[in-house]
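Would you mind keeping the following structure in view while I ask a few things?
Order as written gives the chain letters A, B, C, D and E; numbering starts at 1 within each chain.
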Amino acid sequence: MTPLLEIRNVSHQFGDHSALTNVSFSVEQGDILGIIGRSGAGKSTLLRCLCALQKPTEGEILLNGADLVSLPERALVLERRRIGLVFQHFNLLNSRTVAANIALPLEISGIPSSRRRARVKELIEIVGLEGHENKRPSQLSGGQKQRVGIARALATEPVLLLCDEATSALDPETTASVLDLLAEINRRLGLTIILITHEMDVVRRFARRVVVLEHGKVVENSPVVTLLSDPSRNENIAHLFPDTLIQIPSDQKAYLQTDPFPASEVLLRLGDTAASLPSALLSELGRNFGADIRLLNGGITQVGGRNIMDMIIRLPVFSPEIQMFLKNRCQTVEVLGYVPSDR
Amino acid sequence: MTPLLEIRNVSHQFGDHSALTNVSFSVEQGDILGIIGRSGAGKSTLLRCLCALQKPTEGEILLNGADLVSLPERALVLERRRIGLVFQHFNLLNSRTVAANIALPLEISGIPSSRRRARVKELIEIVGLEGHENKRPSQLSGGQKQRVGIARALATEPVLLLCDEATSALDPETTASVLDLLAEINRRLGLTIILITHEMDVVRRFARRVVVLEHGKVVENSPVVTLLSDPSRNENIAHLFPDTLIQIPSDQKAYLQTDPFPASEVLLRLGDTAASLPSALLSELGRNFGADIRLLNGGITQVGGRNIMDMIIRLPVFSPEIQMFLKNRCQTVEVLGYVPSDR
Amino acid sequence: QSNTTLRIGIMSGEDEDIWRIVSTNASKSGLTLKIVTFSDYSTPNQALSEGDLDANAFQHGPFLKAQSEANGFKITPVGNTYFAPMGLYSHRWKSLQDLPPNASIGVPNDPSNEGRALLLLQTLGILKISSSAGLLPTALDITDNPRNISIRELDAGVVGRALTDLDAAVVNTEWAQKAGIDTIKERIGEETLQNNPYVCFIATNAKDASAAWVKPLVSAYQQPNTRQALLDVYHGAIVPAWT
Amino acid sequence: MSHLIAELVFRATLETLEMVFASGAIAVLGGLPLAVLMLVTSRRDLFDMVWLSRLLGTVIDALRAVPFIILLVLLIPVTRLIAGTALGTAAAIVPLSIAAIPYYARIAEVSLKEVDAGLVDAVRAMGGTRWMVIRYALIPEALPGLIAGLTVTLVTLVGASAMAGAIGAGGLGDLAIRYGYQRFNTTVMLSVVAVLVVVVMSIQAAGNMVARRLR
Amino acid sequence: MSHLIAELVFRATLETLEMVFASGAIAVLGGLPLAVLMLVTSRRDLFDMVWLSRLLGTVIDALRAVPFIILLVLLIPVTRLIAGTALGTAAAIVPLSIAAIPYYARIAEVSLKEVDAGLVDAVRAMGGTRWMVIRYALIPEALPGLIAGLTVTLVTLVGASAMAGAIGAGGLGDLAIRYGYQRFNTTVMLSVVAVLVVVVMSIQAAGNMVARRLR
């Protein structure tokens, strides 16, 4: 199957500043791709290139095999009607009410006004803006504006949805409901979604693949599970997941030493991504080795339907048997250091 | 000690829409207050009232005992110079370069230009915008704009900092570094911070108290630990913490029954906020009762320097002894249901 | 006599009052006059020659001659109206001899008035004008200027009012009165009335010169009531030019 | 003020209104498309034909350079062709319009330029054609400015219409010149100027109101 | 074109430039503060003195309502008071400025109104006084529009300066009218109009360039 979207060697310059350098990746129909990266990495520029709002200085962007960069105006316009775009800064028309903003892509696509009205009503409900239909964008809160932007992008039932931080101004509940909605359209209609986000939780729960941009270059392109199970694998991206890298609690850290000493206990970090039924590891350790094992931080989280274990524990003894037992049960076992047993 | 800021019965109307109703709370000098709430709850309106950008329809806002609402222009201007405000939509002057935007509050406060230059240089480094000094805001990425907004608000070393989603467009690493910076200023100079955010992680790691707004009313005003340890306590706010409410993994949920049945195991939810040294609960259970206790989801997290336990475990047996043991060791023990032991 | 409607172009101003009386006179001989007022001197002849008007009444011979030469109009005078003498006035100087060297003298800047004013100055011996300039000279046609007079070309309505800023000014008598100049005491020079070409007239296209309505039109103007009106309205600044 | 003068002023007011609004309407019909064309051809992301934009600019500037009184006379043949006659109120609408079109085009261009590029992007991203960009983004978003510009144009036309007295168009300005300036009739002049002030203020107030409602 | 005419045109060009730029400068110095005052007094969040804004608007509209030729004559005493004489190029700058000030005030007001309220908020939040709001937000942010408006004003002044010939101010417009139009010298008229076109186009090009650099 040819991919829905293929980006080939795209570069973009702003004056003498390279915003994108040789970016290539492809997106399958029905996929959900997260694009992440530091502020200023070139994510928004890339997204603008994807619908040819910005013609890249170099490279090709193939949508269903047609190169958007060289497509004539007439055909480009038609292709764009199949793409929805949520802008980072919303870009709502203040000359129109909320309802009329949402209706605009429908007008542009030539939907008759009776169907337009029904669809707008439906979208307003979906994004929870009932009662705000007749306000102007300038009278809305940040999150309300963003929801208008989302509704507008979904209005024509696009096949490809591009979201530039589409939930950054939304509270967790609204974020979850928007993502649920998108996931459902994705499942039901095979909508392909590309989303830029800084919320790793959104990536974790929602995306299937992740592309990481750094200084305009792709430094990672892999399934989300691979990436999240061990972000430290790629030093370019570790910084993006400070909350995934579980920390040693600060009260313990103060006493941490690298070598064992008398009356010390060991701090271990255990990681696993494969366990289909979550491990009974800790209780087994207690039962089999009679030791008080303390869970200091972390535990089990669910990522893309799989159980990911990432925790820091403290053991009174670290006998070869225990070591063997843990090696058998976990993908990674890392000794972090030693602390006094009375702390 | 009188509080730095006291909000008394503040209400604000937009036409016939009540954006704020009878809001009262106070903020101590040196505190870090998070304001959270659904999109459209009135957070930005409240923040604008706090520096009298918007005169509330009713109520008083006392900063060091002086009511900003009724203060004469001349005094108000001076008070505002001691407040930094980061806008949700940045509000940068496009007629000025990045450096000149950051210098503006210094100019306004009458700082001589040599000291201005040095301070701007320092701020640019702090927010990581080296090399972008001479760009116009329109040439910046979303996150870069936001960082200019943050630098600008910090320029005059205010005593009170108001942030309206000041990190929403930033990647986790930059967010963390900005928050670290703020925390340091808070510690060192006693900067009081009020921040609106949708990122619960920011609240968790950064704020000391939280005010929750719902439809323009304060529905919660408590220390962050109290709030996070059991968000379900207040039904008005549970929705804000979908990620804090640890879920039963979906593969288990499918088999969940409310009553025990032959060959079933019990699902328990354990919660605790007080343990000063993290619990060795699971290994003790294994050691003392010889059972394989499975950790299904959750574990230990650090909130405001304390260890919070929130986890769902699965036990083969739920004898009265085990029940007693758990009741002794945890603040909350909740039976979630029963699943077949072979699942 | 059948009822004929005529479109007459005149300059805006007091003439409108005069022509209101003329219209009444004309209606008695079956003519309906439609008065079109202009504030610009160049358009009425063009409008007449292109048939937008049947007749006009605002100009004197030299002006018509110049316009006809430039534009090829075929327009002829059919009856005199009035004569408006010009004078040289000054607030500062009592007589022509007092005028110092380098004095500034204001003149109206529209073609007919300017030419006429310069010719007056020539008659008064202040300067000499190139003979090739004909009846419509401008300040550029001055050939001899022994007292190094500086000529200031101003709007006809402004010259009088600006007399304070000038040593002297050539002003149409009507304008001079309106500008508050004492036309007797402050006059230091005036036009000779004999053989003066600047008599104003009613003009028509040459082809209409003998049309049936021309005579009644002219005689509607040359009536005693019009004469009285001219004297009243212009406070004696102009002289009716028919006997 | 005598009955006669009142009638004169009344007729002149109608004449002024006729000239100003007719030529104002034509200025919008002619000037707005010119302004839009000048803008969209100058923009890289729309028609990208800078030469056409330059050419239009040159023609517009050339027309604006000719003093109105000269334009008035030079256009007499054109006026006669269009209006049937070169004289009178209706005829004056022709030269007034021809002067007002390039004037409004430049004023409208200023407002159109101020429209946020992000809104053009928004319509483009929805698959809007360049024509739709004009219709849905440029014009509606610039509307408050376009209206304010029209207000300025109408008031300028009130001034210009005074000069149209040269071709017998009448109107308040002409009346003020004839009675006030040429005949020193202060009463008439002041009453005419008073009416002019009312006309100008009404135009301005109406313009402000419409612009405010749109903003 | 004879040597004499070339010299006439050259002198007239200088006169026009002198009148246009001097009165343009005064229009900005007088009109911009008026526009700013009109705007800030009308805004709830700044001076909130709507009556003053209304009053200013009325005065401005009244001045704009008077036809320029009448203004020219009515102002003769004022001109004499200010310029020492009522005649000549320098004197013409007085009535031209007095006509241009309210004109530019209205045009500048349009641009000032378009400034994003968020930027006013930003300066206010930093503890900026209302004066600083004007200095740091309103004027710099409206600058491209203010420059474009000045361009329009200057070109309009080129047209108005033609009428200033009435008080002996000379200039290109007057030359075109008197020598070209009234005395049927087509050569002079066309060459003067050509120079006028060049002047107008240069003003427009310079204005566009400055505005573009600021945007």
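Following the convention adopted for this analysis, contacts are C-beta pairs under 8 Å (C-beta built on N, C-alpha and C of every residue); 3 or more make two chains touch, one makes a residue touch a chain.
Everything quoted here is computed from the prediction, not taken from an experiment.
Sorting all chain pairs by how many C-beta pairs they have in contact places A-B at the top.
Centroids of chain A and chain C (each the mean of its C-alpha atoms) stand 89 Å apart.
A separation of 54 Å divides the Cα centre of chain B from that of chain E.
For chain B, the set of residues that touch two or more other chains comprises 89.
In chain E, the residues that touch at least two other chains are 73, 181. Touching two or more other chains at once are residues 42, 157 of chain C. Of all possible chain pairings, those that touch are A-B, A-D, B-E, C-D, C-E, D-E. On the chain C side of its complex with chain E, the touching residues are 41-42, 66-67, 70-71, 106, 109-111, 136, 138, 140, 152-155, 157-158, 161-162, 164-166. The touching residues of chain E, counted against chain B in their complex, run 45, 116, 118-119, 121-130, 132, 136-137, 140-141, 143, 214.
Against chain E, the residues of chain D that register as touching in their complex are 57-58, 61-62, 64-70, 73, 103, 106-107, 109-111, 113-114, 144-145, 148-149, 151-152, 155-156, 158-159, 162-163, 173, 176-177, 180-181, 189, 193, 196-197, 199-201, 204, 211, 215. Chain C makes touch with chain D in their complex at residues 9, 12-14, 16, 36-40, 42-43, 46-47, 50, 52-53, 157, 178.
The residues of chain B lying in touch with chain E in their complex are 48, 51, 53, 73, 77-83, 85, 87, 89, 91-96, 104-105, 107-109, 152, 156.
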